[in-house]
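In what follows, a structure is listed as structure tokens, so that the remarks can point back to it.
Chain naming follows the written order as A, B, C and D, and within any one chain the residues start at number 1.
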Amino acid sequence: MTETSLLPALTDADREQMHADYRHLHTHPELSMQEHRTAEFIAAELAALGVEHFRCGGTGVVGILRNGDGPVVAFRADTDGLPIAEDTGLDYASRDTGTLADGTIVPVMHGCGHDTHVAALLAAARVLARHTNAWSGTVVLLFQPGEETAAGAAAMVEDGLWDRAPRPEVVLGQHVMPLQAGTINISTGTAMAMADALRVTVYGKQSHGSQPQAGIDPIVLGAHIITRLQTIVSRELDPTTPAVVTSGTFHAGLKENIIPDRAEFTLNIRTFEQETRDQVLAAIRRIVSAEAAASAAPEPTVEEIYTFPRCYNDPQTTAGIAAALRAELGQDNVVDAPPLMGSEDFGHLADSIGVPSVYWMFGGFDLAAGPAPMNHSPFFGPVMEPTLSTGARAAVAALLSRLGPART
Amino acid sequence: MTETSLLPALTDADREQMHADYRHLHTHPELSMQEHRTAEFIAAELAALGVEHFRCGGTGVVGILRNGDGPVVAFRADTDGLPIAEDTGLDYASRDTGTLADGTIVPVMHGCGHDTHVAALLAAARVLARHTNAWSGTVVLLFQPGEETAAGAAAMVEDGLWDRAPRPEVVLGQHVMPLQAGTINISTGTAMAMADALRVTVYGKQSHGSQPQAGIDPIVLGAHIITRLQTIVSRELDPTTPAVVTSGTFHAGLKENIIPDRAEFTLNIRTFEQETRDQVLAAIRRIVSAEAAASAAPEPTVEEIYTFPRCYNDPQTTAGIAAALRAELGQDNVVDAPPLMGSEDFGHLADSIGVPSVYWMFGGFDLAAGPAPMNHSPFFGPVMEPTLSTGARAAVAALLSRLGPART
Amino acid sequence: MTETSLLPALTDADREQMHADYRHLHTHPELSMQEHRTAEFIAAELAALGVEHFRCGGTGVVGILRNGDGPVVAFRADTDGLPIAEDTGLDYASRDTGTLADGTIVPVMHGCGHDTHVAALLAAARVLARHTNAWSGTVVLLFQPGEETAAGAAAMVEDGLWDRAPRPEVVLGQHVMPLQAGTINISTGTAMAMADALRVTVYGKQSHGSQPQAGIDPIVLGAHIITRLQTIVSRELDPTTPAVVTSGTFHAGLKENIIPDRAEFTLNIRTFEQETRDQVLAAIRRIVSAEAAASAAPEPTVEEIYTFPRCYNDPQTTAGIAAALRAELGQDNVVDAPPLMGSEDFGHLADSIGVPSVYWMFGGFDLAAGPAPMNHSPFFGPVMEPTLSTGARAAVAALLSRLGPART
Amino acid sequence: MTETSLLPALTDADREQMHADYRHLHTHPELSMQEHRTAEFIAAELAALGVEHFRCGGTGVVGILRNGDGPVVAFRADTDGLPIAEDTGLDYASRDTGTLADGTIVPVMHGCGHDTHVAALLAAARVLARHTNAWSGTVVLLFQPGEETAAGAAAMVEDGLWDRAPRPEVVLGQHVMPLQAGTINISTGTAMAMADALRVTVYGKQSHGSQPQAGIDPIVLGAHIITRLQTIVSRELDPTTPAVVTSGTFHAGLKENIIPDRAEFTLNIRTFEQETRDQVLAAIRRIVSAEAAASAAPEPTVEEIYTFPRCYNDPQTTAGIAAALRAELGQDNVVDAPPLMGSEDFGHLADSIGVPSVYWMFGGFDLAAGPAPMNHSPFFGPVMEPTLSTGARAAVAALLSRLGPART
């Protein structure tokens, strides 16, 4: 902030537009890989700015802001919401619904704050598009769908992203978190955990509820597995090695008086090291298989749903970005932080072309007013300011630090 | 069978009609209290026989076969199917679907054999209607919906059943079971267990799957409850006191990386004595509540879905019915049997007017060919004969034993 | 036998002697197969009566009351106490201790009432010895050690019991229970369950308590096995098939900050049918083995400690004994009862020579005064009367019903 | 101190004596607070060196090596063994036994390597006593008993340690670990975890093993608690917050056919932060209490056995010590390390008089030869060299870095 005046700045009009964008996006979230209206909205905004753009990876949108020779830098904002019933009480809260793969209609909410990412990146694009005299090169705006399912980054890459857009020398990105609004946390090296998702189907033998002896009870089997899985973290790993094994869903049975023939549950695994990941995945398979044997049940099936790569902040690149963020937002407002248990498919965008990437967290809450809800909570409603302005300013500052100097 | 010739008998044409009825019913099962097409089918058959009839309890049908003065005797056949994906491989297997209360579309199957009950009772009605010279009095044919949910008998009684139909002096009924086709099991006194169904909702606290510390995990809580509930039967009850506590469904969560805010499961409880029932229900509530406390979770809710009364065979009345069945089917083919863990709302039809009732089981399988599937199994496909003829003959014989003599 | 006056009767002096014997025995219980002082006491009493006797099976005593030609009938009383700290508050409560196989010193109590069996059989012997004019034949008095460990009957048989004592045509026995004092329960056919005892050792890997990742935790493994074993009764057996799986001991570890290398627990299994027994034993081995696999632990060891045979009351013989008991104690005081989950090695005495046996239960408590403690409770203190007199009268009446008529 | 040659050095004779001491100590370990022979051995060695000494805290020994004016520095070695059956196969392995508080006789082993601490400190004392020309001030040698039970440091302080010995300006100490022999790990700030030990007694209701309905099964209750306790680490704590909850012992029951009236188990808890500690202890109490409620059992008792304070390395003091160790042992052989989950009562010695302390770990194994066993393993047998020399040299170097200069 020592020389903010030299940087292109957000105007009041920019802020108003950003707030309006945010309200609209928050009210109308869409499930992963179904972000059709969101993509249309983004494309319309880019068109209004005169920014070249195209669809990519289904519901992804890529904007290209060309400004003469110079470095190519990419910035990614993810766009998807979650199947959560919003309970924030905000006047712009979502009441929209979506449809899961199995046909179930569910409420949808921007429960992870991706709407702030989109609104802030659109505002940053607006500033950069207005101040083309202040920089040179090319900005690639990546509005990525399907982050929550680890599907979107891969979908964009597979859809020819880097054949259709200029290849950047670095990919940047950011995420809103329950930190103090106005501040940023940035890690060097590992930034976020690897994540794996598994779908486990255990098989029993269906029978009348009054005749357990004629069946094999998959719900009791599943309960023992869920209970046993707790011992991976509590007993099998070094206590100083962070790891998470969460079962987010468990579904079995249609009727209280029928012992069903199967139960299905999903697991979400977070680890920081490949060795830990291998150990946890092996322990899960061992426990699932052995517990089925304890029930005299058939061998369960364990399917991979997705794998999130580790999100890695290249140390040298990160040092430069952190300096730029500190210059813009104030020395004390940018904090070196340890890695997070959360996961991201952000890294795939840069990994797929072998360039470095940097990812940081920006605050979304006034912690003085009480504890902030966590991401994926039905109460996750960031305060609009200084959250959005911080996101937009961080994007502008980080991009400018990597773009070329003003054209003369 | 010693004097079969005196009884009105099934003809080959009766059997052909009964088989055709059965194939049709089996192919087109309907969920409880949604038996619309089944009710139309039954009504059409009764109309074809010239039997007076009316709808009762929504999708129930009552036929009244009047034949002069004499005793009034009722016979009940239940009509509903189950949300099971049929796997019998029969050429007349069901591929129909139904819709659960929550909108889920599910496969439907006559997995409990109620189609045999309907086909056999229609055949019996045909025989009695043709041989009005062989008996006197009134037969009340009760085609009851919604047995599987304990809703149908109550619905018919509440819909004025006994104001609209003549009050019988006894209510009879039967159920197909994995016994040898051609044989019957009959109990004196308690015939089937009391059943209770509960819906338990445990509440956690939603959070991101990578941040268990920010939430309370309702799936882990539910798993501990399911595990703990096993100790009611294994540790709290006298080992010689039969009881069952089954969880037929467990549902929680929409996404593998969100710890959900609740889990819902249903329980099905079978007991023979009121004292045992009270003890089991109290233990369930105690365990559910304490396990929630162990998770620091809010108090769960426990709702009653239904209660099946005990199905009681009045000893004196049963003795007479058993004698009639033995006379028709052969001494060795009617076996005195201990009570079953299964449950029925059949008893409510008689209890509501304070008359006795008798209920028996008839076999549906050729046990020499291999073990029979249990009711509610996706493989439950009774052999048509001698299953259906036995059911029809038993109905005729039992009814005649209580009706008046031939009119002179 | 319908006229009680014809039977040799207990005198007041008999009762006083029996009460004194009982107090002495109750105060000085001994552990199974260590009944040295008890054996000396019994031998001294038999000597005082002039009854021929010898030691058999270590701490067993056999008395032979010969009274001319006639039937030979055996009556068995077991003599051992239990490692329980008595809490009856009786003035003759035990404060004695004993030493377990592993050297542990434990309190000992007649917590199963075997002292009443001994006192009553000594009193019966006294009556019969005094009234040799009222009967003929031979009474074999079997004071058997080690019933609680299923070791004593086998030890006596192996020590040549039936080579050293006349072979009886029937073996009788009785057990005090929490029934109304003065009454008897008798079963026809199966009287008591089969019992099996197993010792399970699960192996982990020892490590420092702060480094679970370096070890395999056998206590957590054991806890999962204990929890899982509950499902055998709750889910694998027909609810109408009585069975018990109890773990009576669980021992692991010496220090709170060392994860030990093993845990050892014992199981006690009760079943009525060989098929059920086989099923339960197989399920235990399956679960123990699979849970070890779930822990990545070595294969546990499962050792048999003992097997109790089924205790079977030959129907025809039982009918005669029950009639004799009813004649002596009153029609209403002898009740036909279902079999008990408890177990006995009593049956082995008769089985080993292929003769029938009959076993009954006599009450030891005033139920009007409150609920009676169960056998093996630290509060198990039978009321002396009419408990002991009932036991003695039952023994006399049953023996006389099988012995020969008065010698003329 | 940069030139090793200036430091007093271990001679071959010192090494031989140290090895002989070590062999003796290893062969004859004693349980915590019972180190009578060990104390005699140490006292005799100090006497041989002419070092003033006294007993303190029962089996503790304090040596005071006075060498004119100058700083007072204390060095602590703990002296106790563990109830572990040694399985190292060493020719000097222990075959000694000890007696636990409940009278159980157990094997004893120096399974945590305290024998290396004693042998190395005695050797260091020997060197310093021989080279009094090389330093000035006073060395306080603290041979502390009962580290494993957190009883010894407190016992010495309560026995007037700091009234009887000169008060040091710093307390030093070290521990052998499964690191490469010849190397040292040292942490700045928190060095070792806080540890708490609890004894939990759950109460059931005793009954015959065949009558679970008459009792409340404390083993099943305990199993559910052990299982549930795993969720504290797996679900309640931040995955990046290290913590351990270990149950090292579980004891219940005397006989397989008696459901006992209680089960007793111990817990060992490791945490780094007071807030985490409070959270874990509260969760344990909550779970224990709620699980008892789920069993309809009485409220359990939870007793504190001991609390280990956090072991904290004062940063400034540590910097100096680390420099001295690097100078003596080589730059690369002294590694900055994260804190350990292990715990120590070492900190209490300094905390009790408000002076700083520094604690480090020295390696005891040749890692190239295979993985090293963990402390408390029955295979924990450090290689004698360079283990012991490293310990002795580290002690000498660290002490000299804080003592005064050579007297002139």
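The rule is short, and it goes like this: contacts are C-beta pairs under 8 Å (C-beta built on N, C-alpha and C of every residue); 3 or more make two chains touch, one makes a residue touch a chain.
Model, not experiment: these values are computed from the prediction.
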With centres defined as the mean of C-alpha atoms, identify the chain lying farthest from chain A. C
If you match contact pairs by residue number, which of A-D, A-C or A-B shares over half of them with B-C? A-D
Selected pair, greater C-beta contact count between C-D and A-D: C-D
Measure off the straight-line distance from the CA centroid of chain C to the CA centroid of chain D, and report it in whole Å. 50
Whole-Å gap separating chain B and chain D, where each centre is the average of the chain's CA atoms: 68
From the mean C-alpha coordinate of chain A to that of chain D, what's the distance rounded to whole Å? 45
Specify, in ascending order, the residues of chain C that touch 2 or more different other chains. 210-212, 217, 220, 224, 227, 230-231, 234-235, 239, 244, 270, 341
List of chain A residues in touch with chain B within their complex: 82-84, 100, 103-106, 112, 148, 193, 195, 197-199, 206-212, 214-215, 217, 219-220, 222-224, 226-227, 230, 244, 246-261, 263, 265-268, 270, 305, 340-343, 374-378
The residues of chain B that touch chain C in their complex are 227, 230-235, 239-240, 242-245, 270, 338, 341
Complex contacts: residues of chain D adjacent to chain B: 210-213, 217, 220, 224, 227-228, 231, 234-239, 241, 283, 286-287, 289-291, 293-296
